[in-house]
Each structure stands twice: as structure tokens, then as C-alpha cells.
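Paired with chain B in one complex and with chain C in the other, chain A is shared by the two complexes that follow.
Let's turn to the complex of A and B:
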């Protein structure tokens, strides 16, 4: 009970919000807008899963938004070249993994602080892309949007896909040696090393992992519209890190789990639409999200 | 007693269950050099930290000029004229001498203007005062170690220090530099400064000090005038008590040689030309002073700082170890010295800590088997009598001794052939200590080759089948089981054994 205090309190807050909506604004629960919200959120969820691993390993990756933009544009260009969709997906995930591996190589191989490395790559990829594309959108051919399905089926595919990723990764973190190693390295890299666990390789692979997930998320975002915006993913890092922190993952590494991250993300994405349905000024969204993050951090501080 | 500059009365200090100081009294006169002597862990550093205000005593009185100081903080101690010069000077390497002295001495607030000229003159005056030929403009980085110590001394005197503590100041000095430092120390004594001098080098104490106080196990064994003592008598005071029969006896004959080092060197760790054999069922104790290179040797064996020359043999086969991973794979286990930093992951449950080194073997296919993990943990909790609420309790909820047992269990689970222990009972309470001794002995009985580093002389003598003494990065003597404490201590100090 005490052990999962953070996860449970976030779940409690989410339940309260959903209850309030059920009583005061039942319109929130109309199926189609809710499905659209979920489809949108599933993009962030996939990245948040990767971010949770990175933060549990006591690192951070603030370049996810820029990697996301690069992957989106690459995916769009490949699709425009009429590659089969499966090949586009595989290639984009690979591109993401390579970009993630670049961060991971610098962090693990050279022992550089991840906040500085990913700050540098965040700016570099974003500006490089801007220079290359001059802000041009990529028009997608027919049959890419919603994977060529109806909008509703496409949205369900995204939501179910994201949940499958969540479940698989949660299982890995709890039931595989790999997950245990990530916790060990994040808690105390030196003890882990003395026990024969390779901390550098672990950190490198965690960065490769988040890159691959960003690639997948880029695909999941691309199929929701007929064009690819080269500016997509701006501010994504904040949204995702916030969800991870609110979900009870310790920023100092070694603690937290993916269920908490899932609930944390739900809480944060529900705030905006909830305000609209409760007829509160939408300007309050960011402020309320900020307060939620503060509360999470304060809870973390009090726990120590 | 009158005329005492500094007087400590019945000072006690505990860290958790460990009583570091058990009622120590100590006095220092003006114009005196008072040496403080004791084994590693005897309580010297704790005593110094209490005098400098870094630690608060649990009980006891501290008086300066006969006045009770009350609670000391580092700042108050400095204002009372206490200064400490450490082995590694605590100066800012990128700033000049004048800036360092200025920073130390001025009570400026953040916005006050710096008068550079005054600072340079002040530095110049203070350095001249102790006869040091150092330019105030020089960057600290460009100075030698003794020059840096002189800057520290200048700072201390500039701050009006009347009590100067020197903690192993000569450890990294050459003979010539040592002489210079001694000349300055004598000059300070002439001016009425009281000095506390800590050193492992007995000859220095006879050259320099007026009185000597020996600490042992957190107690003051006695204060004597140096000219009434000799080296043999001092060593006897330091090691003191006989090794009692509390250690489990060796009941087995060691078998074949399991592990050997041949001309093993690791330049980065300062380990050179070590040759050593450990047989199955044998406990080889590794004795020596702090800084003799024992931990560095262990870290080189385990691949943390891999060796750069020499050979390592396991069961007669040459093995190459470049990382802890290689060492684990070869069946070498290392329980490090600093348990809190290197031994267990505090926030992880006991069970997870125990299986950490054996994932490949214990979880084939990498799918974790929680049931098996729990059973393994329960087995070790029973066998090593670990006091814990259960296998899921986080390691942070255990006492030091029980954490050490968890660290030990992790390596026993790996079924090693060679076990290297670094200070296995440091900071462990008495009860857990003898349990750990019993465990180590029974491991050896089951055929493990054990190399045990310890600074606790009775432990080394009580546990070891053979005692290797290290000094300056290499093994200087090999002593048989049940050697006399003063023989081991003399070897560690590089002295001829007393009475031989």
C-alpha cells in the first residue's frame, strides 16, 4: 500500500476528475470525441513508456520532440515515395533507433550528462530539419491516413497498439532480467557494475529503445492527418516527462513503474478537454497541469 | 589543570550502533606539538572532526583557555582559532594564492568590493611570516604539495589560529619537503601555537612531538612524554589487547592452490609486483595501513581498474579479467569496503539484491522466477541469520551488519571459487561481527579460497591462515597464522619487529 502510494494517489485524482465530469459534464463521455482524445494520447503514451525507462535508468532525453519531427518527415517522405506501409513503419522505427543510439552512444560511451547531450541534439535536429525542409509540409498519398481503414477503426488501432506496447513494456520491466538491470543501474550504477551488470550497455540500449518508440509514435501521429507538419512534436518532451514524473517515477532514478506513467498521462491529457466541458476558460489548462506536476514533485520530496 | 590551551573531557561519539569514541580526554598546551597515534579506525579522525566542529559529540566537554566552548560548528571552531591542515590541501586550484588566502580570511559579503592590492599585500605578509618563498600571484595548481600546505598554514595563522591540526601532512612529501615542514612546525611551536600532529610514521613523532596520545578502539590508552617512550612501547600501546579466543578456529587443512597472482601490477591503482597464492579452504589476511594499496589490489583483481602487467591464475589456468563482468564469469567474488556505496542497492528488496549477480544462471531465458528468487532469499536469510522482515524488505531497512550479510549472500549465490572481502566487518556491531566471522570460516571450510582485507588487527590475526602485509603497493612480508599483533603492525609500518 505504502509502496504504491504515488500510483494510487494519482489514480485517486484521476477517478475524482472522471467522477466530476460524469456528474457535471456528462457530454465529456460522448464516444467519438473521447476516441479522438484517446488516439491522440496514445502517441504520447508510446513515447512516455520509453521516457519512463530512460528516467528509471537515471538519465533523461529532452530531444524526443525533435527526433519525433525528424521521424515524421522521414516517414512522410518514404510514404510519398509509395513505399509499402509496413516498410515505412519498419524504416521509421529503425531511423528513430539510430537517432536514439546517437544520444545513447554519447551518454554511455563518453560518459556525458544526458541533459546536455539531448539538449544539443534537440536543437540540432530541429534546426537542421527546419533548414532542410524550409517549413514545407509533406503531402501523404491516399491509403496512408488511418492505415487505409475508416477513421474509427484507425483510431481503435492506435489505441490498442499503444496499450499493447504499454503492457509488453510493463511486463518486461517486472518480469525480465533486462527490466531488473534498468532499475539496478538507475538506483546505483556502481553496485550494478560490481555485480557484473553492464551499466553503459544498459543505458545505451535504453536510449535506442526510446528512439525506436519515438519512430513508432511518429507513424501513429502521421496516420491521423493527410499531411506531415515538419514542426510536429514541438514541446513533446515536456508533456512526456511531466506524465512520467506525475506517474511516480523518481527523477533520481531506480523507482517507478509504467502503470503509474499510464495513469499520470491520462490525468494530464484529460485536464484540457475537462475544462472545456466544465465551461472553464481553457487558458487554465497549462496552469493546472503545472500544479499537478508541482504536487507530484512535492509528494516525492515529502516521501524522502 | 591550568595552562591548557585545549581540553577535551570524556568525549563520546557514536555512529548508529558503532561507538567511535568512548569517553576520550585529551589536552593540548600552548607551544606544544602533541602527536595522536592509533590504528586505522581507532577514532583519530572522529576526534579531529569533533575538535574542528564537523561532528558534534554525544557527550563530554570541550574547553579552550579553560572556557567551555559549547556546541562547535566549523565556523565557530575557526573563530576560536582552530585550523586543520589536511593531507590534501583544501584550496581552489584555479585561483591565485592571494585570492585563496583572501577568500579564507575576509568576512566579505557577496557585494563588497575586492581590494586586490590589499589582498596581495596580506598574502605576501603572511607567507613571509612563515618564511615561505611563494608568489602571491601564483596559481595554486602550479604549486607543489608542500607549497600548498604552506599556503594552508599561512591561511591558518592569518586567521589567528592558535590550535593547528596536521592530519598526516607528510604522507605525500619527499624527505626534503618534510624537513621544511618540520622547521615551520617548530617555529610555530616557538610562537606558542599548539599543534596536534597525526602520523603513521613513528620516526616523525620522535623527531617532532613533545607528547603522544595513543587511541585504541575509541579510547585513550594513555598520554606520555615522547622522550620517555620508544618505538616498541608505542606499537605495544597501539595494538594492546591480546587476540582472544572469540574467533572460530580453522579445522581444515588448506587444499590445492586455487588462485595465484604473479608479478601482478596495476599502475593506476599504485599496485606493483604482487605475487600471492591462495589455496582452497584457506583464508589469507591482507594487512596494511590505509593507503598501502590493499583495496586497489582487490579492485585490480576484480577488474574494476584492470591490471596492466603480471598474471592471474585460477586453478592453474591463466585468466584475463578486464571488467567486473569477466571476474563474475570466472567465479571471483568481491564484497567491497564501502557497503553503502558499493555493496547493496538500498532501495531494492533483499531478494533482488541477492540475485543480482546470477541472473544468467538463475533465470535462464531471462524470465524472472519470483518464487525461486524468494526461496533463495529465504534460504540465505536463514543460513546467515539475517534479521529482516522478509525477502521483500528493502535493503535500506536493515542494520549495517545485516546489509553486509546481504552483500555476502549475493556472492555466495554466485557460487564463487575465490572470495575477496574488503573490510568485511567495518562499521558492524559486535554481535553481527562474530557471526560474519563464523560465516567466513565455514565458507573456507567448504573449500572457498578467501582473501580478506582488514584494518582490524585482531580480526586479521584471529581469522587468517596466513597474513600478507602490504606496504607502498606491494606485499612486503608473509607472516604465519597467529602472528603477534605487534609483529604485524611493525611490518605494516615498515619497522623492524620489536624485540627481533
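Let's turn to the complex of A and C:
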């Protein structure tokens, strides 16, 4: 019970918010907008799962937003070339994994600090994309939006897909040695090495993993609209890191789990729509999200 | 092993020296291929456009030296810019009074960061991520996302757009800040303690240095400097909007790290930061004058950052490889 204090307190906050909405603004619970919200959030959830692994391994990746934009545009271009959808998905995940591997190679191979490496790649990919595409939107052919299904079943596919990934990854972190390696490396890389765990390989693969997940998230975002926005994913890195931190993952590595990340993300994404339904100006969204992040760390600090 | 190297070699191979060579090479290159690049007018332009990020980078240097980071400076610039506009237009304060209040707001916001980080011992990355969101959110909430402050008096716009004694009017502010931070980091006992804290906070505390207060001071200074940068930004553009300074924190951090300051703290210099700011600013202006797409400047900055980092770890890696080789040779001889 004490061990999961953080996860439980975030769940408590989320429950309070949902209860308040049920009493003061029951219109929040109308099914169609709620499903759209969930479909949008599932994109962030997939990236947040990857980010949680990176932060548990005591690294950070602030290039996810730029990778997301690059993957989105690549996926859009491939789809526009009438590749079959399955091939587009596989290729985009591969592209994401390669970009992630580039970060991972610099961080694990050369031992460079991940915050600076990913800061550099964030700027480089974003500007490179802008240079090559000049901000052009990519028009998608028919049959790509919602995977060719109806809007409702497409949204359900996204939500269920994201939840499946969450469950699989949470099980991996708990029960597979790969997951335990990540915790070990994040707690103390040197001790992990002495225990026979390859810390460099682990860190490299964690970066490859978040790259692949970003690729998948780009697909999940692409199918929600008829066009691909080359600016998509701007500011995504901080939003996702915020969800991970609110969910109880320690920025110093080695602590946290994916259920907490899931609840933390839900809390942050519910703030915006909740404001609208409670008739508060939507411009407060960022400020309130900031306060939630600060409250989460302050609670953690006081408990220590 | 490094201690046996002659002093001139250390100076010659220092990060700052290499960066200076890169900067001079950039200048010569763009002067050769760009139109009107090396003119006095353009030099003033470069100075004018890099002033705000330069100020933020200067203030970021002591923060990173102590092993911290401040992601909130860009958002704070936005908040201060619109509060400055608010003080002047809606509270009918004269400009100097509004500026003083803005500086107070900056110090207060820096104090929020400082007290959360030092009193509660929270990680700076997360605290300033929270205030990054909070300050920008407050700016958006206060202006409802659309309100823009314009029509400032021309006596105020002078600070951002005119020349004073032949140099851009904001240059003296920047030079003043440069001298202050140079003194702070290199010629005061504070600077020594920043490096010590960056290396080993616990050890520094045992040495009798008030670590919390020293660290807190760097964040408060960053807040005040963000407010100064906000005023100059407003004067340069002639308007204040909630999105002012969006992304500036990352440019400032890039400049500091490019200037050779270790992101883990303990190592770094103000002149390195100055060179880092200059290298980025010259690159941006040069690319435009060479009629290349401006996005190339961003890409090259990123590449330069990775190259600079790689260059800084290569000697260490080579010496480690050499040690391993000689150890292997010794082992072979013994068997």
C-alpha cells in the first residue's frame, strides 16, 4: 500500500475530477466526444509508455515530438504512394526505430548525456523536415482514415490497440527479465553491469523502443484526419514527460510503473475538456497542468 | 596523465579555443559567399537579434554549472512580456515603473523555482518543467490567448530598435549582464562554489558552503534576467503577446552546452557561453545572407552541438582505449 502511494494518490485525484464532472457537468460523459478524447489520448499513451521506459532507465528523450512529425510525414507520403496500409505501418515503425537508434547509439555508444543529444536531434529533425517539406500538408488517399473503417470502429481500434500495448509493456516491465534489466540499469548502471546486465545495450534498446512506439503513435495520429500536418507533435515531448512524472516515475531512474503513467496521462488529458464542461476559460489548461506537475513533485518531496 | 601536458597545449585544445576557431571560420566563410554579411549594419543586426537569447544563456550558465537546469525561462519571458504590457496599458504605469514591477515579477517567479528546488530538494528538471507549463499558461490565461499589447511610446521602442552612440541600444544592457555574470562565475567566491556544487553537492555542504542558498540565487537571477529579456524583446518587436519567447529555453541551453559547459555541472565558463551564443547567431544570420533556407541554420546548430559533445568525449575514450591496450600488453608479457 505504501509502496504504491503515489499511483494511488494520482488515481484519487483523477476519481475526484471525474466525480466533480459527473455532478456539475454530466454532459462530459456523452459517449461520442468521450470516445474522440480517448482516441486522441491513446496516441500520447503509446509515446508515454516508451518515455516511461526511457526515464526508468535514467535517460530522457526530448526529441519525440520531432520524431513524431518526421514519422507522420513519412507515413503520409508512403500512404499517398498507395502502399498497402500494413506495409505503411511496418515501414513507419521501422523508421521510428532507426531514429530512436540514432539517439541510442550516441547516448549508449559514446556516453553522451541524453538530454543534450535529444535536444540536438529534436532541433535537427524538426528543421530538416521543415526544409524538405516547407510546411506542406500531405493529403491522404481514401481508405487510410480510420483504417478504412467507420469513424466509431476506427476510434475503438485505436483505444483498444493502445490499451493492449500498455498491458503488454506493463507485464514485460514486471515479469520479463528485459523489464527488470531496465529497472536495474536505471537504479545503478555500474551495479547492473557487475551483475551481468549489459547497461549500454539496454539503454540503446530502450531508445530504439521509444522510436518504434513513436512511429506507431504517428500512424495512430495519421488515421484520425484526412491530412498529415508536418507541425504535428510540437511540444509533445514535454506533455508526455509531464504525464510520466505525474504518474510517479522518478526522474532519477529505477522507480515507477506503467499503470501510474496511464493514470497520470488520463488526469492531464481530462483537464482541457473538463474546463470546457465546467465553463472555465480553456486558456487555463496549461497553467493547471503546470500546477498538477508541481503538486505531484511537491507531494513526493514532502513524503521524503 | 593530462597533468603532464604543457600549458599551451591545454589552452590550444580547450573547448573554447576550438569554438573560437569555428566562429572565425564561420565569419570568414559567410563573408566570402554572403552578400552584405560582414558589414557594420549586419553586425549590429546580429547583436540585436541575439540579445534576448544571449541574456537567457548568460543566466543559464550558473544554473547549469551547479548541475541544475531551467526550462522555464522562455515561458517566464512570455509571462513578463505580457505583464509588462498589462502594467503599462491597463494599470497606467509609466514605463520605468512598469519595468521595475516586471523585474520584481521575474525575481518572484525565479524564487518559486528556487524554493521548490532547494527547500524541498526536488529535481530542477521537473520543477522547471512544471513552471514552464504554469508560466506560459498564466500568460495565456491573462491575455485570454488573443490580447496583444502594442503602441508603446517611441522613447521605449528606442531600446529595441534604435542605435545609441552607434551601437544597438540594447547592447549596453547585454554587455552589463555579461560583465556581471563574468565577474560572478570567474572572479567571485560564488563562482567557485557553483563549480564545487556541480561536482559534489554533498561535499560542498560539508565544506561549509550554504548549498541551498547558492543554488537558489542562480534561479532567482535567471528569473530576473528573463524579465530583462522580456522588456528588451517587447521593445524590439514593439508588441507583447502570450507566445513571446516560445522555445527560447532550448536555444539558451543549446548555446550554453555548445559553449563547453557540462550539462552535469562543475565545468564551464561564461566566455564559452558567449562564444556559443555568437556561433549560433552568426550561423543564423550567415545562412540567410548566403540565400540558403533558414531551416539549415537550425539543422547545423543541432549537428554542431552533437559534434562539440563528441569532440569533448573523444580524448577520454581514446585514452581509455590506450590504457586497455597497454594493460593487455602487460598481461601478455607476464604470461
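Everything below uses one rule, namely that the second predicted complex is superposed on the first by the 303 of 304 C-alpha atoms of A that agree within 3 Å, B and C clash if a C-alpha of one lies under 4 Å from a C-alpha of the other, contacts with A are read in each partner's own complex, and residues count from 1 in each chain.
Here is the rule we go by: a contact is a pair of C-beta atoms (placed from the backbone, for glycine too) under 8 Å apart; a residue touches a chain by one contact, two chains touch by 3 or more.
Just so it is clear, the structure is predicted and the values come from calculations on it, not from any experiment.
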Which superposed partner A:110 touches (first chain B, second chain C, both, neither): second
Chain touching more of chain A, residue-wise (chain B, chain C): C
Partner chain in contact with A:297 - chain B first, chain C second, else both or neither: second
Contacts of A:188 with chain B and chain C, given as first, second, both or neither: first
First, second, both or neither for A:283, with chain B first and chain C second: second
Which of chain B and chain C A:123 touches, first, second, both or neither: second
Contacts of A:82 with chain B and chain C, given as first, second, both or neither: neither
Which of chain B and chain C A:178 touches, first, second, both or neither: first
Chain B residues touching chain A - in the complex, by the definition given at the top: 302, 304, 323-325, 327-329, 334, 336, 341-348, 352, 356-357, 359-360, 363, 366-368, 410
Chain C residues touching chain A - in the complex, by the definition given at the top: 69, 71, 116, 120-123, 125-127, 129-138, 140-141, 143-145, 250, 253-254, 257, 263-264, 293, 295-299, 301-303, 305-306, 309-310, 313, 317
Chain B-facing residues of chain A, complex: 174-178, 180-181, 183-184, 187-188, 190-198, 254-255
Sites on chain A touched by chain C in the complex: 60, 106, 110-113, 115-117, 119-124, 126-128, 130-131, 238, 241-242, 245, 251-252, 281, 283-291, 293-294, 297-298, 300-302, 304
